[in-house]
Each structure stands twice: as structure tokens, then as C-alpha cells.
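Down below are the structures I want you to see.
Each of the next two complexes has chain A plus one more chain, namely chain B in the first and chain C in the second.
The block that comes next holds the complex of A and B.
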């Protein structure tokens, strides 16, 4: 028989409950006040926020390296991979809360470094270590934001021209080299149902290709001083006249609504004759074993990549400059720097580039000569494209204003306003100049 | 049978009519009740204060400041609003927002009423059909809009494929690349999503109308059109007012549909306040300017709410 010695069981239970609750609340209050986990729960953890690559093996290799470093240093690691379109809001939320991951991917573009300048750790020591070990940085002056290394340029997907060789053969042509030549061949290709494809709407690819054309014709939207707006120039007019002809004579109107994946789909569906794009379309065609419509021929076998086109004033290209940085509100700055030092070791970089099939080209000289670029004739021009790749703000420095010009798609809209006939040439340029000037006049730095 | 308008604020009139003696006899009881009431209201009040009032006050502050991501910024008065008025993209956004809201609301009122009348008359599989009608409202917007995007996608639009297969058109219709058609598509998707809300709520209003009124009208020789204009419409007006009020707010502040379908393009012709505010505030880090864009909605919505509530207080009754 079980007897209770407790004469006030209910009161006791209630008292015990109240004591436990008060204890728990007090403990929680202390933890919140100190903003530090109790000793028992304190396991060192390094967190890294990055974007999903178009070539998923890249992310697997990064995860492997991160875990290997964690094991070596007895640090728990967590790699969070999100879609690249989610990165903007995620970064903004972390900065606003001054809490979140230790390491973060930044981009596309170097603008994040200007935008979050006050919240990023100076990585000059790291850049100084990493560069010489890898044959130096490609264009180090471009990566300095207000004279500081607030980020490490991480990888870029260079923009060659992907072309269908079977269609080219049908047209009895050789791969074009200049923008004008692309228009000439593009017209012929469109006539047989295979238009040229480049985005002209609100997408990153539209910014990339139209800026490449603008520079190749000698135009720019901001001067080297980063303040003078230079969009209203005879060179811009020439570039816009060219794009109008390219749009009306060699492309379909659908490009106005294309997103960053549309040109890949257009090429792999057998519709587009050529697209200005990284090698991701080819990689997915190979992986998914896509065939030329109506045949059993794998489409990857009739895709070739040639250099980004040349204009009257030279050959220029840009791309998404993906970078990596460390938040200054991180409690693991030293560990984060140590991991970056590990990841940027030449052998780790080489493995990582190999996993990405060269899609993720680092901004380091030695890596442009990685064997992967010789492993497949498709990649032979990629290092050349990387050498003429400049930041989107070129020739001006990267600033919050230059980033906003891209974010608001001012350049694609300006080109499209004229190409579609919604505005005259003068009106479209005046519109672009007004919008860009308004951004630059309000956003210094 | 006479039509009158009545003040529905019954609580006030009941309080006014309470006998003085009763009021005097219950002070302690009332005081105890009041204290308890405060405790009951407190959670909701705190929730409103933290989740509604605080963000609202903060966004007002942001709109009057040069706040960037991570900084609270300094006071700049109406500078952000001045900047917006000098931006052609904002003026285009303003125009788009009114066109989008007016077109979507009109379509939802007309088709919502028609659907409600239809549902009212359906007797077989009534519950199943009414449940199915609600589906577009239940499915997460981002998900359903992705399906719409696939249907109007520039290259492989299933709508174009169907139209071409049926020989209705010979060439693809540029649904999303054409600035005007893109607006038609975003309005269409908004109407598709909002229609169930209109239909089901109006149906509730229709069910509440006493049948005797229709019987009396029929006995007086009124046809279906006259019965609709003189009985259905006046009696369903308060419900319609509430539905329009809510829908106007949700439509004017729509984000998902435009963001998934067009990202504000082509040529900024589908940007709405929410998408433009997102672009400036979160993508560009200009929190102050972004807040000014979203706050631009506030006086407009305030005017809409004020007008709607005034109209709704005048309810139609038959005696």
C-alpha cells in the first residue's frame, strides 16, 4: 500500500510548479540579458549563408571543405544554401537585426560591399595572403570599396556566347566575332525560326549583356570619378541604335519578359540560335541529356561557346560578381577568416572549380588556367572572357548608387524603351540620364 | 413596404437609454467587470501595439528619414516624398497601382456578384461546389502564381499553345512581354484569386435576405431584374461594402502576383507600391525611400476606409 506523507499535495505541486517556472523564467531572463548561451550549451559554431549554384556539385564541394575544416578545428559548422533571389532580403534582415550568419555570400555584384560597408570586417590581411598564393587577383583595384577589402571576390560565371553549331552550318557561316556580325547572322537565323536570345527585361542577364554592348560601343553610364553621369553620349546612341536593330531584326519580343533562366530554356529547347550566357545552359543540357527537337542528337553536342563579342571600341563583358564577406557582428570573426584562408588554398580552390566544371571561376590568375578549362573544348574561351570582364559600374567604382542602377534595371529599360518604339532615342536617353542622375545625386559612397 | 436607412450603432443607443437608477446601483460590480475586461483585452491590445502600432510608427519614422539598411537614419522631413515625385518610375507605379486596383475591383464586384447568385441557385452538390470555389483563395499565392506564370510564360505558354492549336491565333500572344497585356495578366490573376472571397461573402449576404420580400415583390409583378435592383442589391450593400473595403486594401498592397509574374516589368509597367518599395528598400537598401513608397498607400487607404465606413453605417432595411 502506498501512503503519502505529504499533507498538502496540491499546494506542494503548485508551489513546485511556481518555483520551477520562476527559475526557468529567471534563467531565460539572464540568458537574454547576457545575450550568451549558458556554458553547457556553448558549442562553437561557424555559420555560412550562400546561394545555390547552377552547378550543384559546387555546393557539395564547398560543404565538404567546410565540414573538413570544422573537423580539423573542432568547430561545428552550418552551411545554409538559399536561392540567389532570396539573398537580398536575408542579408538586409541580418544586418537590420545585427544577428545571423558569420560568413555570407555577397552579390551579385560588388555593390553589397558599399551597401553594407559599415557591417563587414576588413579582409585586407586575408586578401594579402590569398592573392600571392594563387598568382594574384585578376583586377585588384576593382574589388576595393572605398579603398578597403570589405569582401573577397569569390567566383564569377563568365559570359561567353553559346551558339548552335548545326544551325550555323545550315546558314553556311562561321562563328561571328563582332556584335555587328552577330546581328547579320542572327537575322539569317531568325528567318529560319531560330532567333538570337538575350534578356531585355528585369533580370540580371539583361543588365549584363546590355552593359557589355554599351561598353563595346564606347559608352558608359558613369565616369571613373564615380560621380559624373555619362550616359548621354554619341556612343550610347550608337549602342542603342544597334540594340534596336538586334531586337527588331534578330530577336523575338518575348525577351522583354525573360528571367535569368529563360535564355537557357530557349537554347536547350532548340529554339534559340545563340545566347549570351555562362556555360550553365550547356551543363544542364548535358546533365539532362536534352536532344535537338525531332532528332535523337544530344543538343549539348551541337552547342559551342565562343568569346564574348567585340564592338567598335573593344571587347567588354560583365557578370555577377559573387563575393564572400564576414559580418562584423559575428562572434567568430577569427574562425571565419581561418575558414576562408582554408577555402582559398590553391588545392581547395582547384577542387572547388573542378566540381563546378569551371562555371565558378575565381578572380585569381592561377585559377583562370585551371585544367578544367582545357578539359572540354567548350570551356576554351572562358579564361579570355574572364580577362575582359569588368564590374557593372565600370569605368566608375562600385558604389551603392551603381548597385541601385542595376537593381532598378535602368539600363535594360532605357534600351527597351527605344527598341520597342515606346520612346524616341532622345527621350529614352533623357529618361535614363534623369533616373541615373537622381540615384547618383542622392547616393554618394 | 418602405425602405429606410438606420443607424446601426446600437450599442450607443442602448447605453443612452439605460435607466439612471440601474447605473447607480451597479458601480462596484461594474468596476470589477471593467477590471476583468481590461485583463481580457490586454493581450489583444499588446499584440496590436507590438504588431501593428509599433511597425506603423517605425515606418512613418523611416519614411521621414534617410535610413539605410542597418541604420536608423536622421530626419529629412519630406525629402523622400519629393524624390519620389521626381521619379518617373514612381509616377508610373502610382498610375499602375490605380489601374490595377480599379480594374481588379470592378471585375471582382461584377463576377463575384454573378458567382454568388449562381451559387445561391445551385442545390445539387452545394457544399462540394462552394468548397471548390474557395480553392484559389486557399492555395498559397506564390505557388498558384507560379502556375499562372507557367501558363503565360513567354516561350511555352500553354494558353498560346491552346489558342494556336484551336486556330484562334496564328502567332504567340506576348502576354508578359507586352506592357499592356502584362497588366491584363496580373489583373486576371488577382481577380482569380480574390473572386472566391467576394462570391462566398456575398452568398452569405444573399442567404440572409428574407424570402418573403421576394415573394411579396413577385406578387406585385416585379421581374428578376427589378427584384435584383430593388431587393437584392440594397440589402446586400452592407456586405458588399465590407468586401470592397477589404479587397481594396489587399489589392492595392498586392506583392506576390506581380513579383512572381513580372517583377514590375516590362518597362516598369506593372510595378505596384509593394514591389517598388521592395526594390528600393530591401534590394537597394534605401529603407527610408522604400518606406515612403509603402506609406504613400496610407492616406489613400485612409480615405477609402473612411468613405466605406460612412457608406456602411447607412444600412438598408425594409419594414
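The block that comes next holds the complex of A and C.
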């Protein structure tokens, strides 16, 4: 487990609190009157707020680099790690107070930078330095918010298809490649008690997989201009018809209530035949030494990862685009930039990717060829998935509106309403169009 | 004359007595314990489920075929071990304790000082003040945390336990005041008036007469305040960032939910340990708590 890093021992800080409490003797009034922190709030330090990585070693390596940079530059550093679900609240509070950490993780979409555009430092100089040293950015145009580098794209967990090879063998099949193929094999797997699993409720995974299907069938919800809502199209209808068949013929209704952890559990419990997910399920199966039910065989040994499926119009995927930014109310902008420059040095990036077992793939060309992706056959397709991974707003630019479409789970709701029969195809699409249009007409930019 | 009718009457009477005795034994079972049983089971189920889950192995937790309500593959303390060894759990626990106790003391003291005049003294607007205090309690923290962030920052208290000690009373003081107002009104005015005739001033009559008579109300307010502080999540998340200063509610959530992996066993172990202080407090003070609540309710 990872804890916050701080050069002050935790017990000492608590003792300081207790001493302050005793010494103040009703010191609350004193504190209020003096408007001064009893502890070390006045000491200058560089602070970084980030989210807990699924692979704890990633956080340890980041902490190591942060401390090393701090030592080199004689700056006190503090890395605070919170669950990703807590990040929105924390950011909102820091922006409201115009105070808090210097560096902050942004995500899980690029849209965070659009929402907080007015509070983020322009990082064009940094992006210009970092890109060339690492073989260039994967899709640099995708990362610009209103034409500016208000963030540095940091890492993504690519979404391959995790599949049970023993079940595939039992079905006498080879790994499917197209969405239609997945449906065909999924039907057979469900018939023997191993349904296909992808979330269709309010979760990040539901957005990811359903957008991947929508694009693979040629659909999208916004045009390249970032204004025209394009959800009402024959391609969307085709994608929705496919998902209805996938839901009714190859999946269990429980997927409607799934959160981001549910598909991992379904695969590792030995129930699901395949899930559309990063390598986290496999890694946790290895760590927890989970076995195939009724046997002593580790389930990790019969999990494989294959490329994200292709549809009639191509192969597309998206994922959580985790980024890093610097608040413009930070008093340490230059130091923060300097640390990012240090962290994005090729060797530091390489060590950090290694620590994360490749789960945290940077948006930098050279890092997609990191040796870790060849160290385990499980990871062989991850770089290919990264190459077809686009932001959730694709083909439109990332805007506050596109972020809101994801945050409100309009796409999963639209698909689920038709798949479950609550609405007809026309009604579901009309509902989705109305919701998305309302968001885009309210938010400009 | 034969003794037969008498004997049979005695036998009949004995049978009736036995039946009545049996009924007296059984009646509470049927009329009290049995009807209450579903409610007790309902109330205790989350605790039971937490405990059972915290003692299961990961393999059993993953198994969708296993019955979730009991342990079928042997108990393990590994989740408690992970919590203790791999996270600063006991620091979070201590932080929660320090913050909750400090906030409770402050809130009950302020609550007493606010409730006394509102319950005892007649002055223009006293009723409106009482209602205003209650309405303040109803404002949800989700609305308050953004402006409060600015206040905490302005005071220079961010990222310290002081931030919580100062902000928790914002929702605890209105509650304590409201509860104590109700309780103080149940204590007859006359005994205070007697004390004043004997030479006590307002403060003396409050401290020497009213407060000793209002101990159940004070304990009830303190218990409620402690429970609310102990369980608080949002302010603890927003105002304190360093891991070593987090409270238990936030720390457990931050460290044991990593992306799409939930450490269910350790999460439940944290919840079980976190419940213990509350359970102990309520076990010791339950009578005061009930009395404090009900006395205030009827006036």
C-alpha cells in the first residue's frame, strides 16, 4: 500500500496537533483570532495530488522520483494519493478556494482540462520538450484543449479483451476478432454458463466499451467540429441493434448494475468467458492466487488478452485518459514544471512503466515499445490497442460538453434503454439526441 | 362423601395455574422477542456481513458460487494483517479519535451555552433563533463544503486536523443545541428558581442545578456528536490530504480502492474495527441515550 510522502513523520505531526491543543487552552479561539495554522502550513513545499494506481508499485516509483527530484533541488515534496472516485470533489474544492496542491492529476478524461481551463497553466513549453525526447506524442492534436496544452497526457490503461482460453478450447474456437464474432462465440459460451461481460450501467467501463462499439460501427455522438450532434444516424442504429443482441444473447442482466470492479470479479470468479478491460483483472488474479472454480489451476494461467474487437467500420477503443496539470494559483509553477520535466525523462518514464507492469501506458511513442510489453505474452497486444485508442469525444475535440456526456453516462443509458426493451430504437436514439444536444447547446467551448 | 370432586377441582386448578405460568413464560417470547427479532436481525445484518466478509479468504470472496452469508472455506485474518501492516490504518484510527473527541467536546460545550438561553430565557426572537438553529442543521454538507474550503484556507488550517476540529462543529453545534433545548425544557424551572432565591446567579444555577439534572441529555448529545464526527467523510476528504493525517473513513477508501480493484476483505476489516468505538460507546451509555432522546421529545 502506498501512503502519502512527507518528510515529517506522521506521529510527530499528530503530537504537534496534541501539543497545540493542550498549549492553546481553548486555543481554537486563538487560532481563529490569529488566523494562523498551528502546524507547518507556512512552510513552502511542492505538492502533488494524484489517484491511487491499481498497481501500487506505480505509486511507489512516482514517490521515489518525486523525492529524488526534491533532494536534488532542495525542495520539500509531498505526494498525496486518493482514490480516483474522490478526485472530482477534491479538485472542485481546490479550485473554489484557489488553493491546494501545485500539481494535480486530471481525469479520467481530457475534459477535466476543459472544465478547469481557466485555472490551469499552459504547458506548451513542457509538451514541446517532453514529446521529442520520447519519440513524440501518440496523437498530439487530441490533447489540445481550445488549442492549448493545458495538460500533459500522462497515462492510459488500454482496453484489450481479456478472455478465458480454457473455455475457448472447450468451445473449439479461436480468439474472435470482430464484434460479430464475439457475439457468436459469446452465445455459445453463455449456453455453457459463461456469459460475456461488459458493463452497461453508470461506470467508466460502460462508456468505454459502448463508445468503442459505436465507433466500430461508424457512429459517433459529435462531429469533428465539436458542435454538431451526430448520434441520430443509421450507424448508431446498427450499433444499438448489435448491443441489444449481445445483451440478450450473450450476457446476463446483471451487467446493467455493474461498476468498474464488477467485470474483474466476474472473470476472476470463473464465471465470465471474456471481458473488455485493462489487464487489471489478470494482475489481481495473479496477486490473489485465484483458481478456476472446482480446480487447483490458477485462473491467471487461463486468461489471455487479445486486441480490442473491430467492427464493420474499423477498430476503435477509448479509455481513461489520465493527465497531469498545474494549477495557475500555485505559487510553485516553475518548480512543478521542472518536476514534470524530470518525471517525463525517458529513463524515469521507463522505470515508472516497468513498476506499473505496463498498466500505465504513457501517450508517448517510444514508451509503447517498452520492454515490459514483451516481458509477458499477456501484454503483447497492449501497444496495438493503444494505437487505436481515441479520446471519448472522438471524432470531435474534447470539450466541457463532451466530458459532461461521459459524466452523465448518456451513451450507456441510451444503449441500455433499447437493449432492455424499455424504449424502442427510435425512442432511445431520440432521447440520447435530446440529452446530448441540450448539453452541447448549454456549454460552449 | 367422596373426595373425588375436590381432587378433580384441585387438579383443574393446578392445571390452570401451570398453564398460566407457562403462558407468562411464553407470552413475552411471542409478544416481545419474536416480533422484535426481524428488526434486530435487520439492524445487525450489516455488522454481521462486514465481519463475515472480513474473515473470508480472497478465493472465497471471488467465488460467485459460494454463499455470501457464512464462511465455508476457513477463516483468515490476512485482511486485518494487510490493514495493519501495509496501510497507516492505526494512524487514521487515532486521527478519527482525536478529531471526534475534540469536536464533540467543543460542540457540546457550545451547544449547552446556546441551548440554555433559548430554552430558559424569554427574549425577542428566541423562538425564531431556535428554529433557525434547526434549519442550519438541515443544510447539507455537500452544499457547504465549497464555501467552507475557502474559509478553512483563509484560516490557514488546510491539511491539518484543526481543519476538521473547526469545521465539524458547524453541523454538530446546531444539532446539540436543538437536542439540548428540548431536554432543558423538561427540567422544571422551579428548581433553578429556588437556587436563584438561595443566591445562585444564572451561570451557577446552570452549572450546579440544570446540568447535573440534564446528564442524560448531555450524554445523548455527546454520543450523537461523536457518531456524526466519527462517520464524517466529505470534510475529511476535502480539507485534509496527507495520508498520515487522514481520518479512518477517508483513509480506508483512499488506500483500498485502487482503480477497478476493490480490496473487499480489508475494506470490511476496516469497517469492523471502525465500528467498535461506536458500539462500545452505545453499550455503555444506551440508557442515558434513550432517556435523553425521549425526555426531550415529549416537551
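By our rule, the second predicted complex is superposed on the first by the 402 of 445 C-alpha atoms of A that agree within 3 Å, B and C clash if a C-alpha of one lies under 4 Å from a C-alpha of the other, contacts with A are read in each partner's own complex, and residues count from 1 in each chain.
The rule is short, and it goes like this: a contact is a pair of C-beta atoms (placed from the backbone, for glycine too) under 8 Å apart; a residue touches a chain by one contact, two chains touch by 3 or more.
Every value quoted in this text rests on a predicted model; they were computed, and no experiment measured them.
Of the two partner chains, neither chain B nor chain C is touched by A:248. Looking at the superposition, the partner that touches the larger set of chain A residues, chain B or chain C, turns out to be C.
Look at A:261: by the touch rule set out above, it reaches chain C but stays clear of chain B. Look at A:427: by the touch rule set out above, it reaches neither chain B nor chain C. Contacts of A:400 after superposition: chain B is touched, whereas chain C is not reached.
Once the two complexes are laid over each other on the shared chain, residue contacts for A:118 go to chain B alone; chain C is not touched. Legend: residue contacts after superposition of the two complexes on their common chain; A:375 is shown touching neither chain B nor chain C. Once chain A of one complex is fitted onto chain A of the other, the partner contacts of A:52 are limited to chain C, with no touch recorded for chain B.
Shared-chain residue A:89: touches chain B and chain C both. In the superposition on chain A, A:297 makes contact with neither chain B nor chain C.
Within chain A, the residues touching chain B in one complex and chain C in the other are 89, 92, 96, 265-266, 269, 271. Residue ranges on chain A touching chain C, taken from their complex, read 1-4, 6, 10-11, 13-14, 17-18, 20-21, 28, 31-32, 35-39, 41-42, 47, 49, 51-56, 78, 80-86, 89-90, 92-94, 96-97, 99-101, 157, 205, 260-261, 263-266, 268-271, 277-278, 280-281, 284, 288-291, 293.
On the chain B side of its complex with chain A, the touching residues are 68-71, 83, 86-89, 154-156, 172, 174, 176-179, 182, 262-268, 279-280, 282-286. Interface of chain A with chain B (complex): residues 88-89, 92, 95-96, 98, 115-116, 118-119, 201-203, 253-259, 262, 265-266, 269, 271, 400, 403-404, 407-409, 413, 416-417, 420, 422, 431, 434-435, 438, 442-443.
Interface residues of chain C, counted against chain A in their complex, comprise 58-59, 62-65, 82, 86-88, 91, 94-95, 98, 102, 106, 145-147, 149-150, 152-162, 165-166, 234, 237-239, 241-245, 250, 253-262.
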